[in-house]
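For reference, the structures are reproduced in the following blocks.
Two complexes come next, and they have one chain in common, subunit A, joined by subunit B in the first and subunit C in the second.
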Partner chain A sequence: MMVFQACLDGLLYSGLYIMLGLGFFLTFSVLRRVDLSFGTVIMVSIYLASMAVSPSRFNILALLLSCLTAIIIGFFVGSICFGLVRGDPRNSMAATLGVWMALEELIIQLPGHGRGQFVENFLSNQGLNWIPSLRFDHTIIFFLAITTAFGLYLFLRYTKIGLAIRTLAFDPDTAALMGISRKIIVIIATSIAAAIGALAGYLFAMTQHGIDAHFGMWVTIKGLVILFISGATSIFGIIFAALILGIGERLLTELFGTTFRELIGMTLMCLIIAFIMGNNKKYRI
Partner chain B sequence: MGYWYTIAALTGINVILAYSVYSSFITGQVSLGQAAFFGVGAYVAASLTTLLDMNFFVAVMFGGMAGGLLSLLVGFPTLRLKGYHFTIATVAFAEATRVILHNVKFGRPKEDGAVGDRWLGPDGPVGFRHISYLNDHNISSGEFAVLVWCFVLVVVGAFIILERSRISILMRTISEDEVVARSIGISVAKTKIIAFACGGILAGISGGLYAHLLTFISGNDFIIHLSTIALAFVVIGGGQTLWGPLFGAIIFTLLPEIMRPIQSFRIELFGLLILLTMLFRPSGAISANWVRKIRFSLLRKQSVTNLRSATNKEN
Partner chain C sequence: MEHSIAMICIYALLALSFMIVLRVGEVSFGQQAFFAFGAYSSAIATAMFEVSLPIAFAIAIIIGFFVAWMVSYLVLRLYGVNFSLFMLVFAEITRDLFSQWTWQLNGSNGLVGPEGSMGFARIDFFARAGLSGEWQLFILCSITVSIFIFVNWLLQNEWGLRVVATSVDRELAELRGINTKYVRRTAFILAGGCASISGALFAHYVTFIYPSNFGLMTGVHALAYTLIGGTGHVLGSLAGTVFDVWLLEWLRFAGPYRMVIFGSVIVIALIIAPSGIVSNRAVRRDIKLWGS
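Here is the complex of A and B:
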């Protein structure tokens, strides 16, 4: 029963991880760069949106606003760190590190909000009638994540923009020969990634009744973990990696406690990367 | 004055940490696991001086060896990874090590001290307190700063020798193109592992010095931020020459202190500085071209002076 409950709880995390992983996946596939500021941008957007909307308690607006803010901030950060910073990919990574540090510190120093920001849960946290151990909000979030992943899959598979994104991710030279504008595709892909990331971040903040200033770091680390466990080759890989991580983490927490969850999780990840992955792969979507 | 001595010691420690990143950076590997080697070095060195009353220098060297051994352990399976996979593997490793350090508890009960403060050695999430070697042996902060900078001089000296040797060319060839390096008979794996292990040793040594400077450490001191900042020392200072990490670490440690009047926003400005450096000087503050130009102008000046003195003698 304990294992069953852990798996159910793990599904919530898996849902959130799916969305975070998808965000990272889109950015990484199109840009071929690691965006260390991804989580911080999401955190800042949630902070700003919930601060602006919380007095009115119109929480769905806060959710939409956080997605919009993430797109805007993400656009500026992307334009500077990936558009203007040239040369070695490590330079862009270092630039996003600078953005991460600056934004995180700004949030820490935000008067009255440095310690955390309350985010109201507008979904019911009661158990479902037919499975009392499964919370309503967790179920909604999981299905939202699956819908998002499926929607993204259809978008990438059956639309012209999706084809352009896939081509750019597979081979930038071919994309250029086909007349695909890298700039526009990068803007579209990073905007979608920021929106999906903000959606995941806001829903997580909602279930936890708030976030603190280190939330950005957590998002970035988890996103990277999912990206690299999945191999960054397909949406289904991301879903699979997120399910393993989410359910695995909850099971490990139940069996060994929080401390060993992180330890075993990270060691496993290290081993997976070291012994299973590591070959140069073409990034396909 | 004591405050500035502490800052000087901290700067020296950061310089050694920066060189630990640089060591594998010149073979083209970006490690974000230095925080783990730094932390292990800190815990080992502090445990040896606190629990076994070992000599400080020997303890720090053991800390370095612990860092080196750990880096070998991580290096063997991960150094065959390419690109970001290696970096992310080191992130995972650093995070796992942090959890271990955060929870490790060994040592012995302490006779004196307040209630709840009677443990000598690492005490799990409470941290490792009473690292009082410097205090017990009447080593002032000024003397400690001098000691740290002696370590720095040795490290910089070693890198100067390395830079002028054939090994440096081999390492840079691996960084530029592994296939070419293999084709001319360079043992890529061996060179990478040695470079990474040297980085681990340096991180361990700097960790040992850090633990004794601060007198208190905990697992949460060695989070991923530390690794990213160490990497920033190299990237911002410049990874093309050995002077880059030195400059990066000094500037990065001193600048936040100098910017104390605008204390509230110094980290923001610091982050902005990283961004601006990447925008306007992507090869870092000190690039190889820049060093070459300085060397060339110095040589030209010297040759002009020699020529003049020779002409004067002839006349």
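Here is the complex of A and C:
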């Protein structure tokens, strides 16, 4: 029973991890660069949107606004770190670190908001009628994540823009020869990534009744871990990695407590990376 | 000023460790783990067993080499993002281990030793030996300069060429008869040793270490120092660290907003000088001019 409950709780985290992983996956696939500011951009968007909307308590608007803000901030950050910073791809990564530091500190210095921002949960947190131990909001978030992943899969598979994104992710030279504008595709892909990330971040903040200034770091680390576990090769890989991480974390907490959860989880991850994960994978969606 | 120079010496060595890994074509997010091993091992040696400083530093280097050698058997099977992730997770495991680890002995001033997340206090070798601030700075500077000269000598020699060949095209390097596994392993072990001695200097200079000193941000900052300074020459790590530490000190006037300015300046620096403050070509040209 305890294990069953842990799995159910883990599904919430898996749902959030799926969306975060998808955001990182899209950005990484088209840019071939790690965006360390991804989580911080999401955190800032949620802060700004919930600050602007919270007096009116129109929470759906806050959710939409945070997605829009994430797209706008993400666009500017992307233009600077991936457009203006040239040369070694690692420089772009270091530039995103600079943006991370600057944005996080700006949020900490916001008058009255450095310690955290309240985000109201507009979904019911009661258990379902047929499975009382499964919360309604957790279920909605998980299904939303699966729907988002499936929607993204269909978009990438059956639309022209999706084909362009896949081509660019597979081989930038081929994409250029096919007349695909890298600039436009990168903007589209990173905008979708920012919107999905902000959706995940807002939903998580909602279930936790708020976020603090270190939320961005959490998002970035979790997103990176999912991206790397999945091998960054397919959407289904992301879903699989997110399920393993989300449910695995909850199970380890139940079995070993919070003290040894991280230690055991990370050791297992190290061994998985070293012995199972293949190398030299071609990035494709 | 003295404090800034000491911090530059410590973090320049950590940045150098990141630079060595970058030179073999990998990005490590986890050199701070060796930094932690060096800090704890040397602190245990001087504070708990009261051995002399050179022996404690030698222990730190040996521990750094040994841990890097052990880890290399797992991590050197990996390349690219898998390598980076492994190192990130390894560093977090190390930090977590030190957060759980308690081992204290009765010393002359009461209990001393690592105390889990409360850290390790009273690493007071410098104070017990009666070394003044200038002497401490001299020790830090001389160790840092010696290691920089040694690593530069290694990189300018045949081993350095093999490192570059391995980084540029591993398969081609193997076709030319270079044992790339050996090159990657030796570079990784050397990087571990540099980070470890840096940790030993850090522990003895600040006299109090916490597991949180060895978190991801420490590693990412040191990596940024290297990239800002440039990876073409060992002086890049030093220049990047000097630039960043000096900038942080100088920005004190900005009060709480200094990290905002600092982050922005990092981005601007990378836009203006993408190959870093110090490029290999520039250093060689300057040396030639100086020689003539």
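Worth pointing out:
Everything below uses one rule, namely that the second predicted complex is superposed on the first by the 284 of 285 C-alpha atoms of A that agree within 3 Å, B and C clash if a C-alpha of one lies under 4 Å from a C-alpha of the other, contacts with A are read in each partner's own complex, and residues count from 1 in each chain.
Note that a residue touches a chain if its C-beta (ideal position, glycine included) is under 8 Å from a C-beta of that chain, and two chains touch if they have at least 3 such contacts.
In this text, all values refer to a predicted model and were calculated from it rather than measured experimentally.
Once the two complexes are overlaid through subunit A, subunit B and subunit C clash, as defined at the top of the document.
Looking at the shared chain after the overlay, A:C81 reaches both subunit B and subunit C.
Using the contact criterion defined above for the overlaid structures, shared-chain residue A:D173 touches neither subunit B nor subunit C, since it reaches no partner. Once both structures are placed on chain A, subunit A residues 34, 36, 80-81, 84-88, 90-92, 94-95, 97-103, 105-106, 109, 217, 221, 224-225, 228, 259-260, 262-263, 266-267, 269-270, 273-275, 277, 279-280 are touched by subunit B and, in the other complex, by subunit C.
Every residue of subunit C that touches subunit A in the complex is listed here, in rising order: 22, 27, 74-75, 77-82, 84-86, 88-90, 92-93, 96-97, 100, 216, 220, 223-224, 227-228, 231, 256-257, 259-267, 270-271, 274-275. Interface of subunit A with subunit B (complex): residues 34, 36, 80-81, 84-88, 90-92, 94-95, 97-103, 105-106, 109, 217, 221, 224-225, 228, 259-260, 262-263, 266-267, 269-271, 273-275, 277-280.
Subunit A meets subunit C in the complex at residues 34, 36, 80-81, 84-88, 90-95, 97-106, 108-109, 217, 221, 224-225, 227-229, 232, 259-260, 262-263, 266-267, 269-270, 273-275, 277, 279-280. Remark: subunit B residues 30, 74, 77-78, 80-85, 87-89, 91-93, 95-96, 99-100, 102-103, 224-225, 228, 231-232, 235-236, 264-265, 267-275, 278-279, 282-283 touch subunit A in the complex.
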